[in-house]
């Protein structure tokens, strides 16, 4: 059974290879092939899952060693897989949601002439993501980590003819690379500290080294997580990444890839447990991003960017939970899974709306769509209820646990974190209600698109609605299935040690508070967007709104410091290279040239002139000989 | 013979050295200072003959004779022959064209000479073994040389033979121009002239006057300037065309002068001139 | 006596070069095929060398030794260690693709000209360079190596100066003048380096009394050859300077952008992927082997220069407007990594550096050759003249992207393995240097992606609208290179197995051992 | 008189010849000056022969003469052919390797 693990990755990888190298011949069947291979990977995942459930809790991890990858001296990196409960959760999420989104894309990308390539990239992504979560060492994880980065780059920039898409893709890759520095330094630190970077040995012996070193490793891992999971300060790429096709946003930039940072932190739990300082930084990053994303999400009029802000915020929740230690790991992952369902559903819904609205993304130009797109409306609505934490739906279970765990952190920190998470819940309710109202309720504010076509909203084809429905099921029930009776926690416990947190106030009170803030958020949004007509042109807004529309000026800061500064730096270096480094050499050459120009005058071409120098030379030789004899 | 072995020479030899040595130096100086190559060659020949005498005085009888026969006789004649070929009357301008050449040459020459003299003076050259014994060993100078040439230096001698052959072949190769195409016949030349359309008739003859009995005097055009065409190209290239136009014009003028004096026209002319100036 | 395999590997291209040059003027195509076949035969021979080499055996294998100049103890002495084997394989692998990529680069401008001979010359020179480079990887005699090190400049000079890129940089009309400037600059830089090395070679002879690398290294190791500290340092500097010019290391690098910019793409690949490797190879073999103490003495300074190369090369690459010059500066950055890995004096660093030499060769070849195809199509080297190529020539754009991704060391492609090894190896001994060097990772992504974005994406420019996609010949050049990149990225073991023992010898030359991990995990083996 | 005076004379003649080579432009005269230098050498050899009492010096002088003869033959041939192509016997005019 262990040997099936490689097949999990092999299936989509094969799909990617065939689809990308196959050429135009496969245009007709490419999308079916890609979907089939993704689905087969899901089936293999299910088989392995069934096998895993059949074993005792401590014996569930499976290993497969393929071959030695980089054996150099003490540096031994292997292509080897480890499938434990944590990885299994991810495998099912990735392949399951991945397959649904494949199916969805068949309809969504129907009119795109490069659909085959799109499916190739999607398969590549699934393979890389599986590699990431199945790796049994950090270097192989890094392989998958960069692999998903590449797939993300390719898919964000899928519509390359749009300069904005190409720029967004590049930006995503570059910002991720900054995070990757963290991961590679972390691996190097592990190698110098432990002599290896395989999960097992490193995590087992994590306690044996100094806390300072572990803090350093932890912070570097956090940097990596920030890059991949769009956490402050490396969050700027996620909003732009919405330039990619909507299924991509759903799969990569909502459900799976962006949660890789959470996986990394939870996977490295033993390191973080032994480094409280690093943990504190993790929670702070999570808390800041949580609010940051939520605020940005409130101000965006672009439906996908609003959802992107929401994603950032929700991942902030997960990172925060992961930073809480054993009381939070399981909930981080649980929220990750439920978020995977409802956020993917929301994105697919958004895609369905755009599909019907001539690819319009500005919510101010929607309105009243619920009659025209009933299925989309219902599924989107269920996702909406899930994300704001409506009692009984999946988001409620997972988010509530995180808020509880935040309070349970204890001390002043616990109160602050708890307050932040509650505030975040309120803002979540606010901006999601805003999205809901602006899109499906109110008056029609439809505008003809740039080419003058009037929108004719219609329900999307079956291939798109079925995945949405399935995801909506997940959004509704997943939380209950996982949360009731701590099933999910028990499942994950062998991997991520679990402790029950003890919040200073009762769990019931926290739950009530959660529901209360949610209602407040919804209420304010209703007052602003439900009761009053929504202007088609965005009002100027307050200072905060304007800043939030610009991603809280973070991009402007990046632009001013890194882009402008970097441009000046490179320009001056090019100048230095040309004038100074090369100038010294060319100056020497010019000097020699000048000197030889003078000397050349001696070479006048007259034989007699040369004869004089020969004769003079002979005289000098004789003089020298005589002198030597004299001495 | 025995005198050759002495530290000092006989008075006769000393006298001969000082007189002929002076002649040799003068000859050498004239060689490098004479404007015309033919004069240089003659001066050099003089120096060489003096040197031949010195060889004889030094006991090198064979070389003395060879010097006269081969050098003065053959090589210098070769020189003269080439001088003739190039133009015997052509005189070099002794004006220096390369800046500083003469000064450098003088300085180097002076320095070199002083150094050589110093070197010879410095060397302990008081022992003169003389050639009496060496010459007598094989019964004479020529025999002695022959014995050396055909034993010790036989290889060098043979190689010298090869060198001479090579030199003569080389000289032939250098001066001989291979005719790459058939010589054109008179008819062809005539046709070419017609085709090119210039100088259909024969070239004009040089202007031969009674006092210039030579082909190097160009014929004069009606305006008194010399015509290049009338002189053969070789002389033209050598720059040996004697330009007599000035002379001829002056003669003409003098003739007119004389005839006008005789006819008493000069007074009228003077008057005309005064009027013109007024 | 056994078959002189090493000599044969170098002799085949040398003889092939002469034969190619002798092909009659009218039979241009025959000359091309001859060159291709010869390079393939060389590849087969190199494969045999690779197969015959036993990783666990002696340090130098397939040794050949003949007296050459008896009076000076100069010997024709060949032998390969793992590093040499890897680089011979690289050279032999790349040349067929270079030949194939340059198939039309030396064609006459008017196809009718019957007396055009440079085509033959072009391919003959390439084969000549191959022969010399291979032999220099094999030479274990310092003098023989020196001769080859210098002699390969001659064919390279003619390749750069005589067969320039027909696509001028647009800004300047006098392409010929720029080309000859580049060729002369290349020659002068390398000659100066070579001259200083010659002085050091002579110095070494006066100290050691012979030129044999193995004998001198052995004598140094067992203490029978004492060298004054200052002597050793001066000799080391003499050798290192020449290699640093060739490698090239900042600030001796400025010849490379000119040469690569003006030469045709295949020749540019020849420069950076093959010939320059002789410099880094020689650092590893001669600098460390002959002067271990001086190498250790100079390490800090060299690491700093290498770091400057890495960061500076990448930053200047970002600012380039010319595609080929951009690749050249990227190469400078990568050479910084190689040199840093060599002088980190750890197994990982040096193995990584050796792998880096191989991988950089292949990845740069892939990127540069595709860039060359692109440039030939449009007739311009300026990035600004392109845009939206992806739309009209997707395969070209795709291969270009893969070449670029290899250049930025994406995992899964070969350069990642080497770059990470170099980083780890450096970090283990010099953590700060390791961290500073990681910025190279980000900068590499920047220049590659900016290049890709500006040329391949965006609206289709009018001038590229009719651009054809890769032709079969061009695909035959690029596809195998990409396949090799992928293979070595996932399974570099065949190379590391060969390189690893050789690096261990080098480490023992300089009497260094890897730093031990702070908390050695006992069950590394068990965990596997 | 000491026979060493012959050597001084030879030195003087040699120097005069050398200076002649330097200052004259006519190739034929330059050649003559070279001959003068050779003769000066011969005089020195003959004198040395007398000094040492053996004939080897004379042999050398003899060979010098032969070689000089060969040299003159070739040299004059060169002068003639140069003169043919350039119409000048001046060494200054022959400033280029190729016409």
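Note that the chains are named A, B, C and D in the order they appear, and that numbering of residues resets to 1 at the start of each chain.
Note that in this section a residue touches a chain if its C-beta (ideal position, glycine included) is under 8 Å from a C-beta of that chain, and two chains touch if they have at least 3 such contacts.
The chain list, named the UniProt way, goes like this: A = NADH-quinone oxidoreductase subunit L; B = NADH-quinone oxidoreductase subunit J; C = NADH-quinone oxidoreductase subunit M; D = NADH-quinone oxidoreductase subunit K.
Since this is a predicted model, take the numbers as computed values, not measurements.
Of the two interfaces, A-B and A-C, the higher number of touching C-beta pairs belongs to A-C. Centrality by C-alpha centroid: the chain sitting nearest the overall protein C-alpha mean is C. If you average the Cα atoms of chain A and of chain B, the two centres end up 99 Å apart. Separating the centre of chain C from that of chain D, both taken as means of CA atoms, is a distance of 59 Å. Between the CA-based centres of chain B and chain C the separation comes to 67 Å, rounded to the whole angstrom.
Separation between the centroids of chain A and chain C, computed from CA atoms only, is 36 Å. Within chain B, residues 98, 101, 104-105, 108-109, 112, 116 each touch two or more of the remaining chains.
The multi-chain contact residues of chain D, meaning those touching 2 or more other chains, are 18, 22-23, 25, 92.
Within chain C, no positions touching two or more other chains are listed.
Here, these are the chain pairs in contact: A-B, A-C, A-D, B-D. Across the complex, chain A meets chain C through its residues 20, 65, 67-76, 78-80, 139, 142-143, 145-147, 150, 153, 157, 160-163, 165-167, 169-170, 173-174, 177-178, 180-181, 184-185, 187-189, 191-196, 198, 200-202, 204-205, 208-209, 213, 566, 569-571, 573-574, 577, 581-582, 585, 589. Per the touch definition, chain D reaches chain B in the complex via residues 1-9, 11-20, 22-26, 28-29, 31-33, 35-36, 39, 42-43, 46-47, 49-56, 58-59, 61-63, 65-74, 76-81, 83, 87, 89, 92. Touching chain A in their complex are the following residues of chain D: 18, 21-23, 25, 91-92, 94-96. Those residues of chain B that touch chain A in the shared complex are 98, 101, 104-105, 108-109, 111-112, 115-116, 118-119, 122.
For chain B in complex with chain D, the touching residues are 4-5, 7-9, 13-14, 17-18, 21, 24-25, 28-29, 31-32, 37, 40-41, 44, 47-48, 51, 54-55, 58-60, 62-63, 66-67, 70-71, 74-75, 78-79, 82-83, 85-86, 92, 96-98, 101-102, 104-106, 108-109, 112-113, 116-117, 120, 125-131, 133-135, 141, 144-145, 148-149, 152-153, 156, 160, 163-164, 166-168, 170-172, 174-175, 237-238.
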